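Two complexes follow with chain A in common, the first pairing it with chain B and the second with chain C.
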Partner chain A sequence: MGKNLSPKERTEAKWGLLFVAPTMIGLLVLNFYPIFNTVYQSFCKTGDFGRGNTFVGFANYQKVFAAAETWQSLWNTIKYALIEVPFGVIIALLLAVLLNKKVAGRSVYRTIFFLPMVCAPAAVAMVWKWLYNTQFGLLNNVFHTSVAWISDPKVAWISIGVIGVWSIIGYNMVLFIGGLQEIPGDYYEAASIDGASGIRQFFNITVPLLSPTTFFIVQTRIIGALTVFDLMFMVMDKTNVALKNVQSIVYLFYQYAFTNGNKGYGATLVMLLLAFIMIVTFILQQAEKRIVYHN
Partner chain B sequence: MKSAEANATRNKVLTQVVLIIMAFIMLVPFAWMILTALKTNQESISVNPFYILPHGGWHWENFATVWKSYNFVILYKNTLLMIFFRVVCACLTATMAGYAFGRLKFPFKKFLFTLVLVQMMVPSQIFIIPQYLMVSKMGMLNTTFGLVWPGIVTAFGTYLLKTGYEGLPMDLEEAANIDGCSVPGRFLHIMMPLTRSSMVSLGIFTAVFAFKDLMWPMIVCTNANTTTLSAGLAKMQGQYGSEYPTMMAAATLAVLPMVIIYVIFQKQFVEGIATSGGKL
Partner chain C sequence: MKASIMACVLAAGMVMAIPATAQAYDVSELQVNIWDNNQLAGIQQIADEWSEESGVKVTINVVDWDNYWTLLEAGASGGQMPDVFWMHSNTAQMYMENDLLLNLDDYIAEDDAIDLSNYYEGVVNLYKSNGVQYALPKDHDTIALLYNKALFDKYGVDYPTDDWTWDDLLAAATAITEAGAADGVYGYAINTSNNQDGWYNIIYDYGAQVITDDHKGTTIGSEEGKAAMEKMRQILEVSAPQTTVAETGTDSLFQSGLTAMITQGSWMINNFYKSENSADYAWAMLPYADVNENGSCDEGERYSAYNGLGWAASYQVADPAAAYSLISYLCAEKGQLEQAELGVTMGGMLGVSDAFANAFPGMDVSAFVRAEEEGDLFFRPYTRNTTVWEDALQ
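So, the complex of A and B:
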């Protein structure tokens, strides 16, 4: 602490440190030590019963990189994101634009669309698994089809993506409504006087002025989608033939680290996930400078 | 002018049609969950003829059966205790740290806040193995403490409350400072009460996050008597996977409390979750 502090500043500094102490100690123990520990474990082989870590250098990394399932599950995760993010964002934007006007039943609609956000994904996934049931499920019975929604490798990844979209549109919509309310109404009035149609107004005013919100949603949803786990875990049985075409990287991590007890291998998968997310974040930050419209 | 009016009416009708279709799609899974929960096992899988409503009476007893056979009292209790302690710990530590970061001058402030931001950027999966090993070494597997452990402090909450405290006018505190009010006095009596809405947001966010979390309770509470609703459902699915009415009754019981609270406190819920910045 500096010597030239007044007594008042000195007490303020003391209280400041005291007030942040619980949080900082907690973050150190619960988050920063674990980061280094995970890195360390990725260089270790977990002994039997989780005991006796032996240092093995890059052996785990070699195994992870050589395993086809690693890249398959990374690709599965990307495929999931390719459904959840664009559809979740576009449908949410449409709903937000509709609900931003004076619409009858506005708050009722908002309540309904947001409902999945307060439901446990475990329960949501169970219900969808039942809807998707090939023999007795609602979907196949209503549409008189016999699609194996979650056990046909060609279809299953889309079915899982649909659950993701259904779960997230309410959340994206609420963020979009917040962004829309910040656009000054005069812009639309001026455009109307000039005779611009609703669709032209949407593309020339709403889209550019909303781009910071859109970018924020897209960015957070990409990161969120890349760590998807609950849906795959609850919907896909271990015996499901489509599992290897659907399981995400976090699902694989869970299986290795906690079902098989191979913490070292699991830690290595997490490092791969971290590297991937860091690359994606970097690309997104570069893209932001070009895409987002700054007033 | 007449055609403009006709246009407006057409737009209104079109808007309602789109919204109703979407609302229908959003509600079908919930409706089917409840309708299945009220059928017998036989009815739920009789596809020819295909029944939408239960036709041989509404079997409310399915709820009672699953309530008893899976000890929902314990699942509710465990979930509630976890949520309670997580909310209390998160709000307490975050409001203190948020106040200090937002309002006080102290050494290493910038560096420490950078650590808070770094934690928010790292995917949480990277913490899980060591966190699990800690709980395991402390002998706290299958306890409420184990469930609460990773949520004792919150980087996101600290960030949220720092923003809340920064938004308050400067002169409020200066007047109290001149009056000789101490730092904790100013914090407790003047500043903290003014950040109530941020605290409510953090509390709701923390509660919903804890309620929805699946992986952590599955890892630390493997015993059916110590686990939470989410992880309990995963266990039940392994056991009763093909008894659809039972499963749907369980799913209904698991989501119902949060849905009821949400419908009552909608505004706060939507705000609280919307501020989460995608962490949920």
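So, the complex of A and C:
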């Protein structure tokens, strides 16, 4: 607090602090403490039940970097993001543009597309697991195929990505609709008078003016996609032959930290992911200045 | 009407009985965690009887196997464990060495109802660390071969018998898989995660050990182990493919009539007993390996894995006496007999297996009892870090 505050400002500042205190305490206890504890644990050989940690320096890091499965899992995670983010964004954008027009039953459609967001991810995954089932699955029954959707390493990562896209388009769409409604209608009117076609209007007005929203969605979804876990965990059995080619880095973390009880190794995997996300975010922030159109 | 009068009488009896019992407990409720939904009803029934005596309510929560351990470990780290819960060979040592379980020695010494020599030795020893008993044997289990008579009839293959070798199983599986190809039916199905209830057994039959008796090494890589694995490989070639068993599960395949045989543990009987087509299902002893090629099953040629759960209490339980009293009730003769009669599981106590075999009218489950009378048992392999190598083996 500055020294030159009047008594009234002082009172306001106190009240202000009081109001942000719950959030601050929550952040400190639930976010910052675990973050620093994770950093600490990544340098430890952790004991059972969080007791008796011994400092081992970079031993965990050496092991993590030397393990082929680490890089395979990181690559799996990137592959997942490469499906979820572009398709999740493009499909959502097209839907948003369509549902921003005056279509009959528009709120019904919006609700339907948003519904996957309301469902528990575990329930979504269970339903898809049975849709994909090779023998009894609806997909194979409808198309009269016998594709091993989630057991063939060549197909499984796409199948998982499709669930991710399906789950997220509703959420992205709502954000896009919000962005679209901020674009003044005058631009479109003027463009129509000048004879610009709908497609031309989309690429020359909608896309650039929507770019701040698009950038926000892309950035948050990249981070979201890189931390994916529940889809692989719920849809694929531990003994699935394609698991090694699909499991994400967070899945690997879960395996080590919770199933095998090796918290130190798990923490190190998370640190690797953290570093990777930081690099990606940094690059995106640099790119923002060039890509995003500001009024 | 009759039932409600009975309930009133019982309730009145309870109200009057509570002040009369010698031990009044400090708690009004015990939280119990288990992982098997099939056993919930039976265990709740036995626990309710204890509640009538003690006046302490027992709330049983079922958490599925994978999450059970995640939850228990998180609870142990954070000091929030349930009061009474199941222990398993995979993890018991870790919990005992860290003193997270209630030391039961003093209670057992004063308890007339519990004599540890009446229980399966392997299970008693499992829950003992540095001479301290941390859990009482809840049950033990054996493995048998489950087959679908309807499928054997349909494809004209003879039913499995107790004289089967693994080669006979291979031959029958081959015949059914070939004949049933058009219907998508397989002779046999096994997942790589079916270890105790699957491929561990054949390894012991051939004379190798997954974990040696000192819990420090393995002889899977020996000639005997390789011979067993080679036989398993031949069987796998004519079984449901790994992609199918991983997606659908061997139990579901069997229950949908898509596989004629699986191997399963005695703790799963209820699941199949209650199935739609349970009249078609029958159990035989696990096949043996005729290692000395004399045409009959000799000692050491037929093994079934056995394991036993333990009833343990948290070291922080609010009222240790109440927790022990419940454990003792569940593990003493009356509770054990009732557990067997209700068909929950076989006993941790010796001599209640016959009661269990009779618990399923219309289904002959004596193969599980014969497995221990006629065959040999080996304890489910465990070390301090069982889950680590077990998951790697899958």
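One rule holds for everything that comes next: the second predicted complex is superposed on the first by the 266 of 295 C-alpha atoms of A that agree within 3 Å, B and C clash if a C-alpha of one lies under 4 Å from a C-alpha of the other, contacts with A are read in each partner's own complex, and residues count from 1 in each chain.
Throughout what follows, contacts are C-beta pairs under 8 Å (C-beta built on N, C-alpha and C of every residue); 3 or more make two chains touch, one makes a residue touch a chain.
Everything numeric in this text was worked out from a predicted model, so none of it was measured.
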Chain A as common anchor, with chain B and chain C clashing or fitting: clash
If touched residues of chain A are counted for chain B and for chain C, the larger one: B
First (chain B), second (chain C), both or neither touched by A:135: both
Contacts of A:151 with chain B and chain C, given as first, second, both or neither: second
First, second, both or neither for A:38, with chain B first and chain C second: first
Touching partner for A:268 - first (chain B), second (chain C), both, neither: neither
Touched partner set for A:213, first chain B, second chain C, both or neither: neither
First (chain B), second (chain C), both or neither touched by A:245: neither
Partner chain(s) touched by A:260 [first = chain B, second = chain C, both, neither]: second
Residue range of chain B overlapping chain C upon superposition on chain A, of 112-120, 166-174, 202-210 or 220-228: 220-228
Set intersection of chain A contacts, chain C complex versus chain B complex: 133, 135-136, 237, 258
Of all residues in chain B, those that touch chain A in their complex: 11-12, 15-16, 18-19, 22-23, 25-30, 32-33, 36, 44-45, 47, 50, 92-94, 96-97, 99-101, 104-107, 109, 112, 115-116, 119, 121-134, 149-150, 152-155, 158, 182-184, 187, 208, 211-212, 214-215, 218-219, 229-231, 233-234, 237, 241, 244, 247-248, 250-251, 254-255, 258-259, 261-263, 266, 269-270, 273-274, 277-278, 280
Residues of chain C touching chain A in the complex: 66, 69-70, 73, 76-77, 94, 97-98, 100, 184, 191-193, 242-249, 256, 258, 385, 387-388, 391, 394
Residues on chain A engaged by chain C in the complex (per definition of touch): 48-51, 129, 132-136, 148, 150-152, 236-241, 255, 258-262
For the chain A and chain B complex, residues of the former touching the latter: 1-2, 9, 11-17, 19-20, 22-27, 29-35, 37-38, 41, 91, 94-95, 98-99, 101, 103-105, 107, 109-124, 126-128, 130-131, 133, 135-136, 138, 141, 166, 170-171, 174-175, 178, 198, 217, 219-221, 223-224, 226-227, 229-230, 233-234, 237, 250, 253-254, 257-258, 263, 266-267, 270-271, 273-274, 277, 281
